[in-house]
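Each structure below is given as structure tokens.
Shared chain: chain A. Partners: chain B in the first complex, chain C in the second.
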Partner chain A sequence: MIDPQLIAQLLVAGVVLGSRYALIAVSFGVIYSTTQIFHLAHAGTYTVAAYAAIVVANRFGAPLWLALPAAAAVAVAFGAVTDLAMYQPMRRRSATKLAMFLASLGLSIVVSSLAQIVFGPQNLSLDRVPNQTFLLGNVTVTTLNIAEVVVGWAAIGALLLFLRRTQFGRAINAVRINPQVAMAVGVSVDRIYLLVMMIGSLLVAIAALLFLMGNVAFPTMGLDPILIGFIAVFLGGTDNVFGAAVGGLALGLATSLSGIWISGDFASAVVFAILFVVLVFRPQGLLGKAAL
Partner chain B sequence: MFNDYYADIAILILIYVALGASLNLLMGYAGQFSMAHAVFYGVGAYSAGLLTVRAGWPPLLSIVGAIVITFVSAGILSLPAAKRVRGEYLILLTLAFQMVVSQLMNSLRGLTGGPYGFTVPWLSLFGKDFVSPVDFAPLMAAACALVLAIAWGIGESPFGRLLKGIRDDEGAVRALGKNTILAKLLIFGITAGLAGFVGGLSAYYYQFIAPGSYTLDLSIFIVSIIVLGGIGNLAGTVVAAIILGGLRPLLQNLAFIGADNSYPWQAVIYGAALIFLMMFRPEGLLPEGFAFGGRRRGRLAPASPAPPMTPGVNGHRPPVAPGQSAIPTEAPAPPIVRIDGLSKRFGGIAAVDCVDLAFGERQITALIGPNGAGKTTIFNLVTGTLTPDRGRVLLRDVDITGKAPNEVANLGMARSFQDVRLFPRLTALQNVAMAVPNQPGENVAALALRPLHCRRAEAAARAEALRCLELTGMADKARERVANLGYGEQKLVAIARLLATDAAVLLLDEPTSGIDPASLDDMIDLVLRLKEMGRTICIVEHSLTVVERLADHVVFMEDGKVTAEGTIEELTRQERLVEVYFGT
Partner chain C sequence: MAVYGTSRDGDGTDIDTGRPAIDRRRLLLKGAAAGAAIAAGGRFSFPRLAAAQDSSPLNAIFGPGGAVGGQGKTVQGGMNLAMTGLGAFFGEVMSKGALLAAKQIKAANGPDIVLTINDHQSGEVPPSVNGVRKLISQNKISFLQTSYGAPSEALIPILQQNKILTFNGGGASPKQLFQDFLWMTRMVFAYDPTPGALTWLAKTYSDAKRLATIGTLENGVEALDQLAPKVWPDVSKGGEIVAKEIHDVGLTDFSQVIARVKATNPDAIFTVSFGNDLGYLVKQFREAAVTVPIVGIEFTQDAQTIAGAAYDTFVFATDYYDTANPNPWNVEFVKAHNAEYGKDPEYYGANYYEQVFVVWDLIRRVLEENGDPTKGDALQTALIQKPVFKSVYGGDASNVGEMTFDTQAHTIAKPMGVFAVKDGKPKLLEPIPTELVPPKEKSA
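And now, the complex of A and B:
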């Protein structure tokens, strides 16, 4: 007999984890679906955000309300510079998608290695993060858990509204569907790519900072979440930002609930098994449109 | 002075060379991608180590076990890749596999010893102990040479040519009658098996196996070696492995970095190298096709005076049943291909709507009609590129409906493409030679077990390819990469490639489109000659003059339906058709 309290606790943990994955997936998905770049350096942006917060809050002693936005700004700048200095020149030379991925891979490993050289390989945590634990029924929840869920979905909702309701959002959609036509009607594709890189970087910075408040920073912290984010994007269908969010939530729930039967050590094996099975039997993703 | 310190560095570099060469075979030749090469190296080490320690197997047998385990696991992992998963998803899949296996190495404590790993005894072979780096270095050098030889041998074999074809255009390879799925599964298995072999051997050198040695960082490092050296160039991989492998010992000896930080500094350097290469020199230090001291080329097989080519001249597929007259006749021939009620819808549009067709043997049938009438879709349906919703396709009374493109081609019906679809980085001769059916050298087992037989067959295939090129007037361009040929020349090479399949029925999709008027007559003569040689031809063509000169029978299509059939004179007499066609 499975303990109902355990299920409730895992369910809550799954929603929290799923919200984190959803936000990361959306941050990656908005970049990938528009630029078609396998932007692995997104892991670097995630890491930059976390370490920037630690520098501003711990070393300079700034309060969190200042440190967190400052860190997000650094991450957005990092994303923008990545696009301006790396991807844009490569697009001009009509680099292949593989070449752009490999450059992105190079950047991600440069960031994690520099983080190790500058900050050392050990875990670092953010000072003075307020957190409270309380019981919801008989399930343990923290205020950070709630913050992560609320802020995560609010950010996803804001992005969806932005994409549907604003001029910029519609331009992004136009470029995503057909860059040539978008260019022909006067949309600057370079500017749109820069914009989505900045939006994606902002969202992933939010995810990184929410994670950092309850956890720790370490040099290779970015890779796992970005990988799971991309798997979620793939599951949800790459043409659909909301699908990515659903994919992220589903992965979070699946990882957490698998804890009923197997040890948490094998959580990533569960994610991989889902990816493998879907790739074999439904290569267009769970929510993706059938390929012609 | 070759002491243990230098021997240790040399062994590490040899391992990098072997891992780089095996992955380059996958990336550069087959055009597949893997971010999990370190995992296969690691699985090889773990397998050999565990088989020795737990099962008490002798070292050589344990290494064989490691090869088998990595071969099989990579074969299973590449199932989605074989089913056409490419590009990002292949990166994603292998990246995820790398992360998961890394984690399992840590978590499966009972088996792997967890994060702290386990120890392996040193290697004892033929009464000799290989304990120190100086003892072990010659062994690793031999293993590395073996891996290089296998990678080079496979790369330059007919199987390697097939892999390059898959890399450049998999659909076109299938259209030539080759099974690409098996080839892809095999090359994933082989390259992983090579990494497993190196890993297995390294287990006895390091005598200690822990997850930290087989992380994503190593996979990225190997990819960097290949990219730095040049994707598709094994010599480049050797050079790059020496450069990047020598980096860390160099950094360790720089006082201001210190041994602790030599790993991350090494990573910063190769990461940055990756970025700058991709931005400014994506082909790497030594591009594909580059070789030191110029390329040594095999001599061209002497061009024998072309005997009259008929299908089945090599005994492959006689199109004419014994006893039946082989003399072409103008009288209505029995149809060799029959299409009944063929239909295909795309969403709400009926691209092909209940089409009945028959191709008379040794005749030229032309499909004409306005754009979007469904002519190319018929080719796609008939050759298995698309599956029809309804209807049947019979080739010599054999039902070929829904068969895979390679099976259709093997049964004797092959097609050309409107947009040519040659393999741009291969020479004209290689393009055509790939189409020759029944090549033992495309079978890895035969390559290993019957090398001489494969060699002779390869010489025959090249002679055959050269003959096909001669027939199309392209023999003097046999050594040219097709990317350097003009468009009209490419179209002729494509016909030669089609001819080399030895198929009795040829489907030509707009063979004259885009070629200059001067070459037009050559192309028309060539198609007529194919007919004289006994081929049955169906041609999609826009120019009515070309149709007039070629076709025995003309089929007019509109909106996915056949609306008229007959000779060109009969059709051009119908004013309505002319109006539809020219849109007047």
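And now, the complex of A and C:
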């Protein structure tokens, strides 16, 4: 007989983890599905957001309500500069996707190395983050858990609304489906690429800041979440932003609920087993191709 | 790889000794003093160069510099550390400790110990093996300071084949014991303090019977598999292990582990998790309203940063390094570390600092026997002949501490204790008696 308390606690943990993965996956998915760039430097954006918050809140003593948006703005600027200074010149020179991937990988390494040089390898935590634990029967949940779920899904919902209901959103969809045709009808592809890079950076910054509020910043903090984000995108469907969110949630739930039967050190094996099965039997991803 | 040497600063100050370089005025004063001594009618003889220059407080502890202290000799050493990745914190504190030691030794008119660092990227075996091969073939190292369990275990055949005297003051594991050329300078990770930790737990919480254990497969697995199931029922008078949770190294989200442990309703938790993982573990258990005692086997300031106030509910057992230890060498070490890096040394920094002084002592002994101190086997022979060395652990206000290697198991004997964390800092609760340290067996 499986303990109902165990199932309930793992379900709560799975929803929290899945929400984190979903937000990261969507942030990567919106960039990848539009630009087709395997944007590994997203790990750098995640790191930049966290360290920017540390600097603004801890070193300048700004309150959290100011530090967190300021950090997100820095991350958005970083994403924009990455596109303007790296991807756009490479596109103009007809660089291959592999070259862009390698440049992106290099940038992510530069960011983590710079973070280590400037801030040191030690963990840095955000000062004055309130957190409270609630007991729902025997199941525990914290205010930061709730924030992670609520803010994460609100951000995903806002993105989907933006993509479906606004002129910019429709332009992004047009570029995603066929950049040449979009250009022919007057859409600036470079501007759309810049826009999705900024949107993706904003979303990953939110994910990074939610993580930071309950944890710490360290130089290599971006790599693992972004890798999970990649997997979630491929799980949900590479051309489908909502699919990426579903992929992220599914990964989080599967990772957590697998704990009913197996030990935690098999969690990463579970993630890759799911990816393997989906790629073999449904290579287009769980939700397949769809409009953004 | 980074090579670290020592040099003279441009402003006329010897950066190794911190003393002003000799100038014309000082030379005249010294000449006048010598002249006065001759004029006084005494038999003037030039003192030995070493004695004339020894002004480092370390000479009073380790003996004179100069020729007998290895001055003029260059000995190449290697460090195999986690300089990048999740364990970069360990690499930083370890390398800082060792580099400070090399600098102090040169300043004390000892040999020029040049340290070259290889990055094993926080426990990866291939960069460890490849990097150390380069240290041996290109840098011609005589000794190595390694860290972590798996990347050090993988080096054993290479070290033995090339006769490289090696010390591990980080991830000392049972598989590294009884290995020629490989010596532990800390108590064996998790294995040695586990009986003491569980004994303290059973004594302090006499109602605790149901124990949950948590750890990784990287280090400390023997403590969970072999020791805890044997020791806990005995010391708790009939208690049982109700959960054994293994997690990945570098885990930041313990929600699954917490749910599984909570479901077993334990009276106490014993963990051999280490590094940042331990900070996340303690913090998230407390956030999940798990209030039972959590006992571990490590303390780092970095993990404390992660856990914050929750760490004040944490107890650990280890050979903890105490910056406030009044041992004269330790006082000098803490002072020098603060002057050099602006902060107190950490446990791992102290271990790798000590190792370089062990090497200096060995160089001195090899030179006394007219041997070649750049040969790893000569250094090891000297170690086995007299396995007692000075230590920043133990001792008191008038005496430097001592550590003694076990020449069979290649382990070290250092004082251990059970510590509580109060206001983020460890406080000794009680020492662990030496009889609680488990015997070492080759099969362990």
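In this section, the second predicted complex is superposed on the first by the 286 of 292 C-alpha atoms of A that agree within 3 Å, B and C clash if a C-alpha of one lies under 4 Å from a C-alpha of the other, contacts with A are read in each partner's own complex, and residues count from 1 in each chain.
Methods note: contacts are C-beta pairs under 8 Å (C-beta built on N, C-alpha and C of every residue); 3 or more make two chains touch, one makes a residue touch a chain.
Keep in mind that what you see is a predicted model, and the values were worked out from it rather than measured.
With the C-alpha superposition on chain A as described, chain C and chain B clash in the combined arrangement.
When the shared chain is aligned, chain C comes close enough to touch A:3, but chain B does not. By the touch criterion stated above, A:177 is placed in contact with neither chain B nor chain C.
By the touch criterion stated above, A:265 is placed in contact with chain B and with chain C alike. In the superposition on chain A, A:17 makes contact with chain C only, not with chain B.
Touch criterion met: A:98 reaches chain B, while chain C stays clear of it. Judged by the touch definition given at the top, the superposed model places A:124 against chain C, while chain B stays out of reach. Of the two partner chains, chain B is the only one that A:227 touches; chain C does not reach it.
Of the two partner chains placed around the shared chain by superposition, chain B is the only one that A:114 touches, whereas chain C remains out of contact. For the superposition on chain A, the stretches of chain B under consideration are 75-83, 93-101 or 111-119; the one running into chain C is 111-119. Shared contact residues of chain A with chain B and chain C: 112-113, 116, 219, 224, 263, 265, 268. Those residues of chain A lying in contact with chain B across their complex are 38, 86, 89-90, 93, 95-103, 105-110, 112-114, 116-117, 219, 223-224, 227, 230-231, 234, 263, 265-266, 268-269, 271-272, 275-276, 279-280, 283, 292.
The touching residues of chain B, when paired with chain A in their complex, are 33, 77, 79-80, 83-85, 87-89, 91-93, 95-97, 99-100, 103-104, 106-107, 216-217, 220, 223-224, 227, 261, 263-265, 267-268, 270-275, 278-279, 282, 346. Chain C meets chain A in the complex at residues 84-86, 88-89, 91-92, 216-217, 245-248, 250-260, 262-263, 276, 279-280, 287-289, 301-302, 305-306, 308. Residue ranges of chain A in contact with chain C, taken from their complex: 3, 5-6, 9-10, 12-13, 16-17, 112-113, 116, 120-125, 131, 133, 135, 138, 140, 142, 215-216, 218-220, 224, 255-256, 258-259, 263-265, 267-268.
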